[in-house]
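Chain nomenclature is as follows: A, B, C, D, E, F, G and H, assigned in order of appearance, with residue numbering initiated at 1 for each chain independently.
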Amino acid sequence: MEAESNRRDEIHQLVKEYERICRNITVILNGVHSAQPGEIEAIARKALEKFSEVRQHIQSLAQIVPYQQYYRQLNLSSRYHDIWTRAVQTSNSLAAFAVYLLEERFITIEELQTLSGVPVNINNDLQEFHISVEEFLHSLINLTNELSRFAINSVTQGDYNRPIRISKFVKELHNGFQLLNLKNDQLRKRFDGIKYNIKRIEEVVYDVSLRKLNTSV
Amino acid sequence: MEAESNRRDEIHQLVKEYERICRNITVILNGVHSAQPGEIEAIARKALEKFSEVRQHIQSLAQIVPYQQYYRQLNLSSRYHDIWTRAVQTSNSLAAFAVYLLEERFITIEELQTLSGVPVNINNDLQEFHISVEEFLHSLINLTNELSRFAINSVTQGDYNRPIRISKFVKELHNGFQLLNLKNDQLRKRFDGIKYNIKRIEEVVYDVSLRKLNTSV
Amino acid sequence: MEAESNRRDEIHQLVKEYERICRNITVILNGVHSAQPGEIEAIARKALEKFSEVRQHIQSLAQIVPYQQYYRQLNLSSRYHDIWTRAVQTSNSLAAFAVYLLEERFITIEELQTLSGVPVNINNDLQEFHISVEEFLHSLINLTNELSRFAINSVTQGDYNRPIRISKFVKELHNGFQLLNLKNDQLRKRFDGIKYNIKRIEEVVYDVSLRKLNTSV
Amino acid sequence: MEAESNRRDEIHQLVKEYERICRNITVILNGVHSAQPGEIEAIARKALEKFSEVRQHIQSLAQIVPYQQYYRQLNLSSRYHDIWTRAVQTSNSLAAFAVYLLEERFITIEELQTLSGVPVNINNDLQEFHISVEEFLHSLINLTNELSRFAINSVTQGDYNRPIRISKFVKELHNGFQLLNLKNDQLRKRFDGIKYNIKRIEEVVYDVSLRKLNTSV
Amino acid sequence: MEAESNRRDEIHQLVKEYERICRNITVILNGVHSAQPGEIEAIARKALEKFSEVRQHIQSLAQIVPYQQYYRQLNLSSRYHDIWTRAVQTSNSLAAFAVYLLEERFITIEELQTLSGVPVNINNDLQEFHISVEEFLHSLINLTNELSRFAINSVTQGDYNRPIRISKFVKELHNGFQLLNLKNDQLRKRFDGIKYNIKRIEEVVYDVSLRKLNTSV
Amino acid sequence: MEAESNRRDEIHQLVKEYERICRNITVILNGVHSAQPGEIEAIARKALEKFSEVRQHIQSLAQIVPYQQYYRQLNLSSRYHDIWTRAVQTSNSLAAFAVYLLEERFITIEELQTLSGVPVNINNDLQEFHISVEEFLHSLINLTNELSRFAINSVTQGDYNRPIRISKFVKELHNGFQLLNLKNDQLRKRFDGIKYNIKRIEEVVYDVSLRKLNTSV
Amino acid sequence: NSNEVETQKVKETGVRALFSTLRDSLDEHYNTREIVIRHSKDITFQSKKLIYIGHRIINSSLDAILKEAAEKHKEIFQLFKDICVHLSGVNYFRYLRNMSNGFQEYTEAMAFLRYLEHGDLIKKDEIEANLLDESGNKFLQITDLDYVLGIADLTGELMRYAINSVGKGDHTRPLEICQFLRNLKAQFSLLNAKPNSPIGKKMEDMKSNLQKVELVCYALTIHGSEYPKEFYEFIVSEHSRSSESIYGH
Amino acid sequence: NSNEVETQKVKETGVRALFSTLRDSLDEHYNTREIVIRHSKDITFQSKKLIYIGHRIINSSLDAILKEAAEKHKEIFQLFKDICVHLSGVNYFRYLRNMSNGFQEYTEAMAFLRYLEHGDLIKKDEIEANLLDESGNKFLQITDLDYVLGIADLTGELMRYAINSVGKGDHTRPLEICQFLRNLKAQFSLLNAKPNSPIGKKMEDMKSNLQKVELVCYALTIHGSEYPKEFYEFIVSEHSRSSESIYGH
């Protein structure tokens, strides 16, 4: 039991470090909201470079979590997994945003695996440390929050065409989600947030189109 | 008791399928928000065709719900009816939207009955499976959400006259609602949402009118 | 016990007075929401003058709190410190807002100490009455609430450039918070409020930029 | 809606009267706990006579509850049925206790129907006012409470054989309950109460047997 | 407002004193649980003498409560009456217990009025300070708690007949409560406590009778 | 996700059947509380025969629980394991009781494994379906409840020597438990129940010894 | 009669007499409370209707509204008159808790109508002046707390009024209401209410109502920035006229 | 190092310096709190062990128990010594909340041992007298509240002690404990605690502990009524002896 308690402390310590790195990347990526269009790519690259540190921390984490105890319940209210899931979702979201900024497309599962250094549990068969499918989906929802904000700030920065591209991208994401049978849970609830973000982005596109500020529809 | 438990499982299973079909139709109809004016009709037709599947599922559902037990309370917090009401509201909304897109008018109760394959409980006397009046009203409110979104996206797509027609339509709907003595909190609360949608659509009409983008007021 | 009870009554009495002064300053500063741009400075100065009264009351308070008993637990649910922490946070927020209005920059710890007449417990070593680091952080979060409201009302008053300056300021504050290893749930929870305020302010900047109402981006 | 409100008031009024009668019968039956063995029969008969009044009230109630609206939900927290279920359970328990006292056997469903003047919904098909199976089961559980008390008081009154007969009776009841598939609900929870009562009665039998106070085991 | 605030403080002060006296009487009456049968009467008399102090305090209280403002609401959650109702219930219970100990009968309303120095509001017409009917009923329920404890401790003190007399007395009280049309949830809920106390006392009587420790049933 | 939902339904169905069999065995074993000493063996044998059905159901269960997902969390509040743990504890208790009745000794882990058809996870290394050590301990605690009841009813049935043997057996069990370092709150709490049962059985032994009803101490 | 029969079952001791007395007393008390609760509900309901009448200011003249309100007020007045016998003497405070909602909603309604007519805040005694008996005496008093809570709810109605005004192209009304609410909030803030007290909780609602009105004013400014105000008002009124003509009101 | 790198990302304004300072300050505070919480947990855990030692009075001699307790107390004393540097000055009260459970359980344990030895109530300064440094000064104080709450919990241990005594055929001990608890309850009742205060809540537990002991005394009387006390004690001790011999303790 003492061993378990020590391990939990160690995990908490690592997660703290991991969260600090995520906050650093957040600060970098936040830069896009007040950047000129030409600066976006550099910011995205700088953020992606930082993922070597993310990778390193997730892997340290993966090493101390005992084999097959990923979801082990520690007490009535928490599991090992609960300690880091928030951080994992955050770093996934940051990865997805950075990849989008660079190439205006979805992050692939392979890319996420490379950036994070751990596999995604696509077939529900992984025994070792992994990113769950739910965690991956949560970070795509987070991405739409970030993109609705980015659409608005692009207009502020005079980039009138970007919202139109973002709108198309987020609608694709939304249609993808429609293929899933979401249970009435946290994920379904947050899914409604995508709809809200789509509407917001459409309004930005509307404002721009109405005033004919964009170069071509 | 065992029979009841089995029946409930079966109902849940059917509703799950039913929701999947609704999501398919949603994806189809979502297309109108980025479609050219000339493509709308085809989209509406394609969505209406899918209603044969809706009909089939509602009817399967109707057959396993025991006679007169539509509102039977299963336990303290839920009734048979609660299992499918969300799905029924969704498919009603989709039907109303498709009909609107095709002919720019309200869906009639007869049409809804034909599309869904079950009757609407207009006279409060139906013993068998039915669409309740509240469910019908909820879907009209959902319709205004969709229309306010459509008004905005029409402008984006260069169709400047549509918002004016939508505005007129939604106001008629609003006037209709004012004839009701709403008591049910949920319905009244959501009714305020119509007002918000009207306001939003009116703003679009103003925006277009002020810039003289429409061909005639 | 009787002595303690008397002291507690006295502290409550002083805090009541202190809160009254804070409310007076709040009423003064609320004036900025309906003021012309040119009147802001005078309002800020008037508010700052009132801080002589704040100082006086905090110092009276500091004198009756027994040495080293700042955090003394009075019963299971409250401590001496709990009696006044709300008031201290309020007056800190007011000070930070007034300084911002005057010079559009952060209040320094030195300024806060001068205005309040008590030190900030930066090194966790103060034995006498002090402002804790948590209290200071809470008041910076309060400040962002006030600034998001101010951004909106500035536009109503025709000052289209101010929201842009506010937006930049609040983003800096947000990046600052990212340096902290927050643990205290309350603080972390409220920190999310900053993000919300940033988004609100960015929307104001968007509305202004879209319509090219500002003089220069 | 006003009609419904009036009806609800009327129902409340009738249930109040109904409860008053139940309290009268309770007072009569409570007499057995301090009665001589020879007086029991007379008390039971007197209680059963009072059921003409119960019958009369339930039937008045049945007449004003609108057809098929037995379980109609009036608002989020209550249904018509909730107004009287407590009273119905009480009068069922009293009937079962009186019949037991008279003939030391279970009340039959027919007897309960005759005494109450309304049918028991054995086949889940009744549209009119009825006693539900759950309500019947609850009153059997109540009966075991009353019997465990009666076993104790019989000893006090010098009737040392009665606890032995009660013990046998309650065990039969318990075995009967084992045939049901109880869900994890109110009924299952209360079912554990039967076990407790059996143990209590067995202890009384033990006390009597140990001291050889009973005439024959 | 200040006058009211002062009056409230004064009332609180008096009630505090009043409660102190009640605690003293409680300590005196608690003596019966470890007393020899022969000492009971003296304890009861000593407690009743103390009621001159109770009377004096209630009357002081009665004098400062403004005319007709007995139930005056001070804020949404408390009324003048709420400040002292607990103390009044306690002193009523103590009076009822003392009278019972002395003469093994119910306190009469007249006795309670004499001991407390204020009238009971039987006809719902008193304008001045009074004991409400609910308060009287609450104290009778409290009395049964005390008596069930007394039944147990009497046996420890070797008085085997007392539990039998207590049992009879509490059953009478219970039958009396059955005459009431209880509505107030609090009262009805606590009424169930009487049943529990009756059962406890009956178990004591059972233990005594089984072993034939009592002199005559 | 769909596969998982189906599997859960199937598990629930199987557990329901499993519980029905346990209730049947309970009814059989309940017979010992009113049986003559000579009938006990036959009852125990009859109960043990029924375990072929238990075995069959547990094994069906074991087959549909996916490999290594025994403790998989299904949603925030429940795990696969939670669905059947209650039933497993019940059937373990019944097995232990039947073995005791037959041979007045502890069930061995091998016997339990044979009767249930699944292994006990003694070395914490089983990946497949198993009985956990906690579940085994819970059923031993349940056994003491049943034995304290049996001790009392044996006296009623005139078997005065049995309580003495039971007492010895339960004390051994208690000493065994004291060797464990219990941490799990639930288990520790229930462990106190053993002490109560020991005390109750000792009282029976005293009662019998004092009256010299037993043949030898 | 039926009560007599049943009381005979209780053994003939002092208990029977005692509890019969207690029962009658309790029944009377419950009955009165029930009547007060009913009247309070009715007054609340009718006051809400009064507020609905007020909101028709968007499409009607002030005179027409005040006239209709005066009719509705007669019904409410009668309800107050009917209940006041049950609220005399000590019973005023005894049952006030059950009457509180009615007083608050009535305050809210009267304050809303007053704002529509004069654009200022009604005083407590001005509300009570509507509750005079034949001899011109006030027959009921509203507590300070109910008055304050009613006024707090007024801010919700004013928020709705501001939003509706925008729909009619009225730009000045929201700005007026915004300033009125700011002053009201300042006055409330000086009341020094604890955050968890009833007033403290209402202040959160007031704050959010004010913020909604501020957002309305903001939106007006932003939208008004792109074209002349007069032009905007013309479009709006044209538009409402054309949609009105369809339904003929 | 890593902190320096990251802070460069924040634009060079006053904010960067400000927040770096704030971070270091916060980290230190969180760290101290963590250490205090750990020590409090350890002290609670060890004090519970002290109580377990006390309960062995049923099978052991008082001397043996006090000796074992003294050994265990050394560990607890060291924990108090280790933590006291973090509880000096203003920090005593700042982190007291996190230390409170430890103080309460320690009070409970010391009070239980005292009752076993002398049958009376330990005083607060008698507990503190165990916490002296080399120069004989108290290095930690227990608050009145923690003392009172610890004593309230003592009643639970005494209840258990009473029940265990019965198992050993000891009839006088439960009666003694019953009277001790009655006196303790009377003293607590004079503290005038509000029902919802921490002490008020504990009083409910105390009441129920007293009632359990009263039930024990009652059961002893009832059972004792059927045969001579001496005979009962003989049977009990015979029985315990025979069961002990089986397990050899």
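List of remarks:
Following the convention adopted for this analysis, contacts are C-beta pairs under 8 Å (C-beta built on N, C-alpha and C of every residue); 3 or more make two chains touch, one makes a residue touch a chain.
In UniProt terms the chains read A, B, C, D, E, F = 2702_t:CDS:1.
Please read all numbers here as calculations on a predicted model, not as lab measurements.
Shared contact partners of subunit B (2702_t:CDS:1) and subunit C (2702_t:CDS:1), listed by label: A, G. Rounded to a multiple of 5, the Cα-based rotation taking subunit B (2702_t:CDS:1) onto subunit F (2702_t:CDS:1) is 180 degrees. Taking the mean of C-alpha positions as each chain's centre, the chain lying farthest from the centre of subunit H is B. The interface of F-H is repeated, with over half of its contact pairs matching by residue number, by B-G among C-H, B-G or C-G.
With F-H and C-H as the two chain pairs, more C-beta contacts join C-H. Centre to centre, using the average C-alpha position, subunit F (2702_t:CDS:1) and subunit G are separated by 64 Å. Taking the mean of the C-alpha atoms as each chain's centre, subunit G and subunit H sit 56 Å apart.
Averaging C-alpha coordinates per chain places the centre of subunit E (2702_t:CDS:1) 36 Å away from that of subunit H. Across the assembly, subunit D (2702_t:CDS:1) contributes residues 20, 24, 27, 181 that each touch 2 or more other chains.
Across the assembly, subunit G contributes residues 6, 9-10, 226 that each touch 2 or more other chains. Only residues 16, 19-20, 23, 26-27, 30, 33-34, 149, 152-153, 155-156, 158, 204, 207-208, 211, 213 of subunit E (2702_t:CDS:1) touch subunit H when the two sit together in their complex. For subunit E (2702_t:CDS:1) in complex with subunit D (2702_t:CDS:1), the residues that touch the partner chain are 168, 171, 174-175, 178-179, 181, 199, 202-203, 205-206, 209-210, 217.
Those residues of subunit H whose C-beta lies close enough to touch subunit E (2702_t:CDS:1) in the complex are 178-179, 182, 186, 189-190, 192, 211, 214-215, 217-218, 220-222, 225-226.
Interface of subunit C (2702_t:CDS:1) with subunit H (complex): residues 1, 68-73, 75-76, 79-80, 105-106, 108-109, 121-124, 126-128, 133-134, 136-137, 172-173, 175-184. For subunit G in complex with subunit E (2702_t:CDS:1), the residues that touch the partner chain are 3, 6-7, 9-11, 13-16, 18-23, 25-30, 32, 89-90, 92-97, 100, 143, 145, 197-198.
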